[in-house]
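Below you'll find a set of structures to go through.
Here come two complexes built around subunit A, the first alongside subunit B, the second alongside subunit C.
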Partner chain A sequence: MAAKRLNQKDKYRCLTRDLAWEPSYQTKEDIYPYERFEGIKITDWDKWEDPFRLTMDAYWKYQAEKEKKLYAIFDAFAQNNGHTNLSDARYVNALKLFLSGVTPLEYQAYQGFARVGRHFGGAGARVACQMQAIDELRHVQTQIHAMSHYNKHFNGLHDFAHMHDRVWFLSVPKSFFEDARTAGPFEFLTAISFSFEYVLTNLLFVPFMSGAAYNGDMATVTFGFSAQSDEARHMTLGLEVIKFLLEQHEDNVPIIQRWIDKWFWRGYRLLTLVGMMMDYMLPNKVMSWAEAWEVYYEQAGGALFKDLERYGIRPPKYVEQTTIGKEHISHQAWSIFYQYSQATNFHTWMPTDEELDWLSAKYPDTFDRIYRPRYEHWREMQARGERFYNPTLPMLCQVCQIPLSFTEPDADTTLSHRSVLHAGERFHFCSDGCCDIFQYEPDKYVQAWLPVHQILQGNCGGGDVEAVVRDYYNIAAGFDNFDYQGSPEHQRWQQWQGDRPADFNTAG
Partner chain B sequence: MPVTAIGAYQAQSLDRQENFNGLQLVYLTWDRHLMFCAPFTLPLPPDMPFADFIDNVVKPAIAAHPDAVRVDFAQAIWRLDDADFQPDWQAGLAANGIGHKSLLRLDTPGLDGLNGSFN
Partner chain C sequence: MTSLVYIAFQDNDNARYIVDAIVQDNPHAVVQHQPAMIRVQAEQRLEINRATVEEKLGREWDVQEMLIDVITLGGNVEEDEDRFALHWN
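After this line comes the complex of A and B, so read on.
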């Protein structure tokens, strides 16, 4: 008996929708308990349209081909000592930020999608989430493999999974995903699929991958391309999810709007790290953070929210503050990392004269007035052999967990600060956006694991920062951290490059 | 709403004062001196006299700034948790009304940071 070949449409039905079943001895409410507590109303799961009618067998075939090509390039990169063709070894610090700050988020995304994939009553949505979970797991693996080559030749890439759970600045990306993963399934999808992947992900991947290309890092470019087709699928899913939820019931609209407000703000704050990478960590620069924000958010996001107006959705709350903030946040972030460089797994440095001029040109309204004087002073200190490291611990925002380093939207030389009393305890925030998030669900955020407070409670292996960094973070002093200038990494790079002058990075 | 949860949910704050082994946290920021990227988090005994706080904590914390040597603490203007504040130099921090996780803002008129750049 010859097996009948299924056409695409039948195959799709059999391998996705047909995987559902009608329960006979349990209620749907008991099987999918998380579908209701957030207040989202689903009237008909069959209205779910899969943006990509992809079945598992096609998925395996397609991904396996991509994987083969990817690993062939990794091999060639390793055999040709590709790392010696970089623009400059300072670039590798962007990779350290990526490996410790982004790759663990891919793993968190995998965990999150695996969970929500279990908790939806609609088979189409379940399968889409499961496939995305597998994609995200693949992204973790390919990123680790791409960077493992650099780990042989550069410092600070040795223990990213351990650091993700412990190092102070990594609590920023970590808390972002933990907030999403501990929310209900529909908030998770609005947070990650829509707000992050659809609205903001271009701001993460385009700068990193173009930055890699501009700086000779072909391994990273390659995994970027390999992930990009997955990412396109995730973005489409993100938009479908939001439209599906908005069309299911009008009561969903205000709930979704609040989530968009929240996750836009959290995503914007998280991307501070990317802004800093673009403006400061790429020796060959792609575009400034302000330009990237204009192209990838203001233009693209503007069109998107116009489109969503017919559902009753407006642009995210406080979006006007990001138009002001784009002129500041990368400089503010670099100032944090420069003065706390003794406690990170990467190097920092003061921009060269040429870089300072580039920053002046890209930020004509803010850079020379506020940030250049600060940097010139630090460069003088460094030239005197008194490189500035801040000996105290910073105050953190209870929600985004970033040091309180942002300035007021309407007063850019005044520290931005909000605070509330909740159950007799005082809590502090960097902005109205973070303060609102806390006030809607205070009991979630009073439990925030703020690294500074944990160190001071004695929960990170002692109160002395040097011991915390060495023993609890597993960061080697003078080797993985401190200034790039004169570091073992800088010296090694110069050896590779022949006789480049030793002081190319200093003032004057 | 205290939290959106599937059932009853009791949260435990992680940073209550009793978790700090007898100390309290005080945050300190110096207006117009953004060179210090964020306010400092200072773990202190609640009964530390304000005068000791200035000499043993505030002065070393801001020492790296060239304006630090020119600060006249007798003329400084303080704000505590967004309200005007007049410290009693002999009294302890808690007796001064400086609570756990209070934010103190130090304002030193006439000192505008590095070359007047508010840094």
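After this line comes the complex of A and C, so read on.
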């Protein structure tokens, strides 16, 4: 008699719960020591449900199929010299930022999930974290493979892991994940699965990746969407874990609320970089940062927090500041990178007339009043042969590590700056959100590795910034960085365009 | 404020049939085409039914196969052998 085929629910039970066992010679408290020290109360792990009910056999089957599709496209892109069909070589600079900023984060996410998956008493949660750890490792690998093709033809992608540990702006994403990974297991899940993945990664992997397709970069859109298809499961895990924790005990509610407040703000600050990529670094633009924020945060996040209201959860603290900030942050970030382009692994430029007009149309209340005049001034300087590079080192926020360049929510031409005295030392912050995070756990954030402080203390080698960038960051001056106009990369791109047979030359 | 659930797929041959099935079973759904992706959003609830997708594809289809083509989603997930649903409470 043929064995009866299990239905999905029974199969899931067999391949998760039934893989666990009751300990006999150790206590659960000793096996899972980190389950309690954050104050989270778990009364019944069996209430945990993985909504996708994905088992390992199905996981391998679908992931293998995703990989085959992805690598077929990578191969085709490389074989056809797909990089020469991009909208413009300026686009690749967005990719340099993405690949050097995000790839190491995927590795940190892998390490984080492998660790917390070990520390949960519930078998369902352990299996879900295990699959996510494998997913994150896969994302690192696909991004390195995407990078390898671009690295043959463009500058600045030669040493991403080294740069992640050292370069000043890469300390922004690095510190975000290190903050999450040095927290307890439930805070890690709230930080990464819920706040970062559910609420914020859509903004990184959906409109920006759609933009990659619109700029002819089939390799990036494919790894981006392939990664985000895993994120769809991770987001569901994030929402599930939050609901599970809220249902387990009412004492969990204020702890979760504080984590949501903290990690929403940290994630929002981190995404400043993505706002700049969308508004300034995609030559063919899909939607503005403000529009993406409206679709993927205000609408989607609004629905999510309305759903969580029944547990006593309110929208994240300072969320109203993001509604104001969406009009500003991409311009403020581009201004930072434009003036510190000598210390990055990518090129910057001033927007063309057409791009300035697009920004005016997308940001009618702020762009012409505040940012266009600044750009016009810098354009004039550049035309006179005095391209502006800021020779000073910026003051960094102790928490998000972004240079203090944001403006006050209620005064958009006034610098936002908070500071507190702690143990006889003064610490500085970009916002109320970052200041609050510090004040709750000052002993954690006083240890932050701030690139500017480290340079000034002589811990990054070299007697000046040029030497730090060259020797400590491994970035070649004038080759990997400075303005795009006239760079070796710009010249190479023009040569490729000129070398193309007339029939294939669609430019102009 | 409305509570929209959403799901986005890669714009490929498989997903086009899944989207056709969604539109047939969810008349209130709104379909948006963006570069390389198709996004579907709906007030409160959205369902993907295996039977309808199989009818459109002309072959057997496992609900979990959609993991290959999906990019992102928003809403509480309910999944079993015959159906994948997104909803807000």
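Keep this in mind: the second predicted complex is superposed on the first by the 486 of 508 C-alpha atoms of A that agree within 3 Å, B and C clash if a C-alpha of one lies under 4 Å from a C-alpha of the other, contacts with A are read in each partner's own complex, and residues count from 1 in each chain.
Following the convention adopted for this analysis, a contact is a pair of C-beta atoms (placed from the backbone, for glycine too) under 8 Å apart; a residue touches a chain by one contact, two chains touch by 3 or more.
Bear in mind the structure is a predicted one, so any value in this text is a computation, not a measurement.
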Subject >> Comparing the two partners subunit B and subunit C, which touches a greater set of residues in subunit A >> reply: B
**OP:** Identify the partner contact of A:A94: answer first if only subunit B is touched, second if only subunit C is, both if each is, neither if none is.
**Re:** neither
**OP:** May I ask you to decide whether A:L270 touches subunit B, subunit C, both, or neither, giving the answer as first, second, both or neither?
**Re:** neither
Original post:
Looking at the overlay, does A:T413 come into contact with subunit B only (first), subunit C only (second), both, or neither?
Top reply: first
**OP:** Tell me which partner A:I370 touches in the superposition: subunit B (first), subunit C (second), both or neither.
**Re:** first
Original post:
In the superposed arrangement, which partner chain does A:I437 touch: subunit B (first), subunit C (second), both, or neither?
Top reply: neither
Original post:
Thinking of the overlay built on chain A, is A:L157 touched by subunit B (first), by subunit C (second), by both, or by neither?
Top reply: neither
**OP:** Spell out the part of subunit A that touches subunit C in their complex, as residue ranges.
**Re:** 7-9, 51-54, 58, 62, 65-66, 69, 202, 205-207, 209-211, 213-214, 221, 225, 228-229, 231-233, 235-236, 239, 243, 286, 299-300, 302-304, 306-307, 310
Original post:
Which part of subunit A faces subunit B closely enough to touch in the complex?
Top reply: 33-34, 37-38, 183-184, 187, 332, 335-336, 339-340, 369-370, 373-374, 377, 388, 390-396, 403-405, 407, 413-415, 417, 419, 423, 425-428, 440-444, 446-450, 452-454, 456-458, 463
Original post:
Mind pulling up the subunit C residues that touch subunit A in the complex?
Top reply: 1-6, 8, 10, 34-37, 64-65, 67-81, 88-89
**OP:** Flag every residue of subunit B that touches subunit A in the complex, lowest number first.
**Re:** 1-6, 9, 11-16, 19-21, 23, 25, 27, 29, 31-32, 34-43, 60-61, 64, 66, 81-82, 99-103, 114-115, 117-119
